[in-house]
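Chain lettering (A, B, C and D) follows the sequence in which the chains are written, and residue indices restart at 1 in each chain.
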Amino acid sequence: MSVLVDEDTRVVVQGITGGEGKFHTEQMLEYGTNVVAGAVPGKGGQEVAGVPVYDTVHRAAREEDANAAVVFVPPAFAADACFEALDAPVDLVVAITEGIPTQDMSKVYRKLQETDTHLVGPNCPGVITPGVAKLGILPGNIFSSGNVGLVSRSGTLTYQVVDNLTKRGLGQTTAIGIGGDPIIGTDFIDALELFEADPDTHAVVMCGEIGGEDEEEAARYIGANMDTPVVGFIAGRTAPPGKRMGHAGAIVSGSGTGTAQSKIDALENAGTPVGNTPEEVADHVEDIL
Amino acid sequence: MSVLVDEDTRVVVQGITGGEGKFHTEQMLEYGTNVVAGAVPGKGGQEVAGVPVYDTVHRAAREEDANAAVVFVPPAFAADACFEALDAPVDLVVAITEGIPTQDMSKVYRKLQETDTHLVGPNCPGVITPGVAKLGILPGNIFSSGNVGLVSRSGTLTYQVVDNLTKRGLGQTTAIGIGGDPIIGTDFIDALELFEADPDTHAVVMCGEIGGEDEEEAARYIGANMDTPVVGFIAGRTAPPGKRMGHAGAIVSGSGTGTAQSKIDALENAGTPVGNTPEEVADHVEDIL
Amino acid sequence: MKLHEYQAKRVFAEAGIPTPDAELAETVDAAVDAAEAIGYPVAIKAQVQVGGRGKAGGIKLVDDAEEAREAAEDILGMDLKGYHVDRVLVEEAVDFTNELYVGVTMDRGEGKPVAMVSTRGGVDIEEVAAEDPDAIAREHVDPAFGMQPYQARKAVYDAGVDRKVANDVAGVLTTLYDLWAAKDGSDAEINPLMVTADDEVIAADAVMNIDGDALFRQPELAEMQEEAAEDDLEAKANDYGFDYVRLDGNVGIIGNGAGLVMTTLDLVDHYGGEPANFLDIGGGAKAERVTNALDMVFSDENVDAVVFNIFGGITRGDEVAQGINEALDAFDEIPKRVVVRLAGTKAEEGMEILNTDLVTVEKTLEDAVQRAVEYAEEDSQ
Amino acid sequence: MKLHEYQAKRVFAEAGIPTPDAELAETVDAAVDAAEAIGYPVAIKAQVQVGGRGKAGGIKLVDDAEEAREAAEDILGMDLKGYHVDRVLVEEAVDFTNELYVGVTMDRGEGKPVAMVSTRGGVDIEEVAAEDPDAIAREHVDPAFGMQPYQARKAVYDAGVDRKVANDVAGVLTTLYDLWAAKDGSDAEINPLMVTADDEVIAADAVMNIDGDALFRQPELAEMQEEAAEDDLEAKANDYGFDYVRLDGNVGIIGNGAGLVMTTLDLVDHYGGEPANFLDIGGGAKAERVTNALDMVFSDENVDAVVFNIFGGITRGDEVAQGINEALDAFDEIPKRVVVRLAGTKAEEGMEILNTDLVTVEKTLEDAVQRAVEYAEEDSQ
């Protein structure tokens, strides 16, 4: 089993005719993902990598029974693309786009609360159920099928941690890159809840980073609600307070919470071991399984 | 028993310091309504008719345990007053104000869907549970306590019908003037549902008028869901198509539905007798009880 | 409040919706000059606020100055469905390959705005809606969020608009929605939205109705409001602030509250009479309004008798009675017999005050209506 | 993007928020002239984009021309927390009886905007928030509806603002929210919002930060963006479009993706080294960006060795390797030793391409970091 993505996931790619959209559609197809349609206004009737393109997501969903959307639309139009996917509706929207204005995402987030759709991202690498399908830009070859769920705010850090797991033979049920933006759809707690409910996920790796309170809240959730063991990793231990490190999320306010140490403490208090290095994360997972 | 308004209803009057607000607060108090507070920005600390005034509805609700609001605020500010009452929150908002811009009400209606509050009106005479309390501008003396529920789109027509009922000794559980505006909170179906659930309401009188489809929809609801007998009345049989008769609602499009006849037919098809005159309405109720 | 076509087009053009070259003219000479300046063919269009102007001869297409003069002479001053034409819009005739419809209105039933697109433009859209509802794509809008760009595209593609102009039509629809929302529109329509051979879109007609309750915050639009060129009595009612509709019968009706007044009309009919009008004096009616209402009904030469039916809530019976007495006192001879029925707040006090030398008093609605119907029959001229 | 105080005040004033009389000056003479024109007392305020200017000597209150000249001489050209002061705002000193705080920001945790009001204005509001959270009234706003008037009033009354100015303060807060929403603000603050003896309110300071991701649709604000008067290397990073933070250590770090680069920093620390910087070259990095990144790190005289850590997703290892070869080929002598680790998309191809005469190649992150820490120790100057 898996979460969010499985054999029945039928994907429409929004922005499939753009450079990134086309490249990653090919990559997704190559990985075995069931990409059934593209959606680009004005490009209906065309084909990209053998996939039919429609003018609207609604039509793609209707004609091809798409139930998931991946958004490769430029930032200025990406919030509208998310609204469209939520309205179609599809069950899962994975928004890859980086640089969406925060106020746009605040409105998307507001709409999201009224739907049953899962939105992953934006500014995220996507979701992969190894051996089954990937939605997004994750490099498929480093993943392997197994019993570890993974949720991470950071893209390439996810790959690093997965690489360490896979090389030890610790395969994954599903890996979810939730993205590092100030406002995201699926957060740590949503992902942890999904993994907790998945009988095949025997351990979860959660990769956080400095900034915000999401890891602290996730730690409280783990302590109160989870039977599945969790292993943590927190990036940004050496980040100086007050400096922004790339991600909008990765800023330390210097006020106690939001620092790497407060997150590590919160996780450890919830009984979640935290690795100092990606290798140590794999060590902990190995100990558990 | 009754619906919407009972002994536990504690009222805050929004706009209590205005001419109408003050007059009808006195009338409501005289009728025995438990008016516990007023709310007018900048007038906190004053008193009107012995009732303490607060700057915000939230404070009035907090300090005086108000659970219902009556809105006597001028049209330009009335939608904001409704938002405030919904947010406080109170269980019931009765908006008396006439002339609220329709787009404002569309937004209030949108917000209303996310709450558990009943909004009655706007542009309505209010709600009365005879002998217990009245919220609004209805003349208390024509009502009497009994087993008939009443719901009406029109103010003075309500009084006329009630007068006919009362003079026959047919008292009321609760009478609800839902208002004649294009967009209202509680509609016929909402009111019918409340009366259906009230064991003390043995018959319901529903007064409709030309325009819109609400009576037709209510008729379908009655046919499918109601055990409590309903008697109908429809104003505007002689109205020529295409002319607007006062209420924004009272316009006949000439397209078959929305006419008095289509509404009468719909009600009669649902087994609901329709009176030709207010007297005949009382006749039908008398036959039923 | 309805805007004239020329006003609506100005509002649309300012917002960036393409409209044809046009000029307003109040005289035949001005119309011909405008036609010459714009270049033929041009359309000469009566500026009156009724639908179906074309069929009624209010729109003419002309190819030269002579035809322009003839058309302007015909249209200026004509009576169009009861409206006097005192202005024409002289407008570039657009060469089109297709006529679309786009519109925005409030869906009462849903309590939210709806945007509409159809490829069946250029004809009466209500007929299309009745015959073939699927020919109109409808997209409901969340009023809190406003129309999202994808919604405009969805409506346009759902309607089957050609992909070559879909983007432009979606743009026009988005602008139209934003205008509708910003200007407190009740309806905003472009019918037809023409598509030219070059795949350009242009608003060949424009409808914009404004929510009268919102005019207080739309000062620019409120200024566009003109004296209604309507029936004199309806204009008078407007000045008095009454809701008034003139009908064909001879029983004058005055009351408070639309539902009760309609019921009074229905009862007149029920008892064999014919209502002469609908007149709602509204809530809280004081003496002056009562006087004005009687003036209204007495001014209608069709009226043979009057029923005055007040059920007080806000409105106080004693004040109404006072008003009736004062109003009727002012006449040397009261022109029609008046039957009065008061109920509700201060009704008993009112009944006592009423001067029965001037009016007939009845206690119930049914009796009052029957009496007025009798009087009207007796006094029928 | 941060606006300067004078820019934010202009934006606020245009929207109708009262601000003091003020003039911008770039020279001492201009500052004195401005002070004379405004009338004493005036405040001379350094225009640099850091907080705590007052404590650091960047704001002076003066009573005559002599004091104005002295203050302008002191402030213009001073170094304020690493920023060079080349402009001062000369501003009417407002006589106040009370100092309030009003602000609007995005609450990340809730995913929605929050408006804030406090009567504890004029001091560091973050300290107030930490010590006495209840001293700040917070009102969350539904981003679809925008802030409703009652919400502004509620926040103002909840904060305990005096009833006499409550309405005006609520008006300022509403305007501030609308500005924040219309201009894609990340934070908008007035601290202090002064209350005068006449019960007028006036924005004595102004903060407006704009969401950098939204500048594409805020052309007027984008124009206000100035060359950062920052650390040269940070300015360079900005030109290159890198996320870059300079630190105190001697191990230069280049990587792709914020989380991975932070992790690389953490590992340098873990293995006993000290990171010299955070440099994220972002996704899809091609040869030119690699060259620029190496140029950045080599330009930092503190750097003794470099670790280049790429995990490809969008980014292709072969392209990165190509870029590294090209960049290093251009040097007669490579200034620091570079350890490269490639993983993910096309990593193996990349490893084969890499010229091991120019760089040290390691297969794992841990090995790469350890090797770079060793090199940095060996080559420490």
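Here, contacts are C-beta pairs under 8 Å (C-beta built on N, C-alpha and C of every residue); 3 or more make two chains touch, one makes a residue touch a chain.
In UniProt terms the chains read A, B = Succinate--CoA ligase [ADP-forming] subunit alpha; C, D = Succinate--CoA ligase [ADP-forming] subunit beta.
Fair warning: this is a prediction, and the values are worked out from it, not measured in the lab.
S.K.: Along the graph of touching chains, what's the shortest path length in steps from subunit B to subunit D?
M.R.: Graph distance in the chain contact network comes out at 1.
S.K.: Work out which chains are contact partners of both subunit A and subunit D.
M.R.: Chains in contact with subunit A as well as subunit D: C.
S.K.: Tally the contacting C-beta pairs at the A-C interface and at the B-C interface, and name the larger one.
M.R.: Result of the comparison of A-C and B-C: B-C.
S.K.: Based on mean C-alpha positions, I'd like to know which chain lies farthest from subunit B.
M.R.: Greatest centre separation from subunit B goes to chain D.
S.K.: How big is the gap, in whole Å, between where the Cα atoms of subunit A centre and where those of subunit C centre?
M.R.: So the centroids are 55 Å from each other.
S.K.: Averaged over CA atoms, how far is the centre of subunit A from the centre of subunit B? Could you give it in whole Å?
M.R.: 49
S.K.: Based only on mean CA positions, could you tell me how far subunit B sits from subunit C in angstrom?
M.R.: Distance between chain centres, rounded to whole Å: 28 Å.
S.K.: Quick check: what residues of subunit C touch more than one other chain, meaning two or more?
M.R.: Residues 142, 144-145.
S.K.: Two-or-more-chain contact residues of subunit A, please, as numbers and ranges.
M.R.: Expected reply: 107, 111.
S.K.: Can you tell me, using the touch rule above, whether these chains form a line, ring, star, complete graph or other shape?
M.R.: other
S.K.: Could you please write down every pair of chains that are in touch?
M.R.: Listed in label order, the chain pairs in contact are A-C, A-D, B-C, B-D, C-D.
S.K.: Could you please specify the touching residues of subunit D with respect to subunit A in the complex?
M.R.: Residues 106, 108-109, 111-113, 126, 130, 142-144, 181, 184, 186, 211, 213-214, 216-217, 243, 245, 247, 255-263, 265-270, 275, 278, 280, 283, 311-315, 343-345, 365-366 of subunit D touch subunit A in their complex.
S.K.: Hey, which residues of subunit A end up touching subunit C in the complex?
M.R.: 41-42, 44-45, 55-59, 77, 80-81, 83-84, 87, 107, 111
S.K.: Can you check the complex and tell me which residues of subunit D touch subunit B?
M.R.: Residues 145, 148-151, 153-154, 157-158, 163, 166-167, 170 of subunit D touch subunit B in their complex.
S.K.: Note which residues of subunit B are touching subunit C in the complex, please.
M.R.: Those in contact with subunit C are residues 20, 75-76, 98-107, 109-111, 125, 137-139, 142, 152-160, 163, 180, 182-183, 207, 209-210, 212-214, 217, 233, 235-240, 243-247, 249-250, 255, 260, 276-279.
S.K.: Under the stated contact criterion, what part of subunit C meets subunit D in this complex?
M.R.: 142, 144-145
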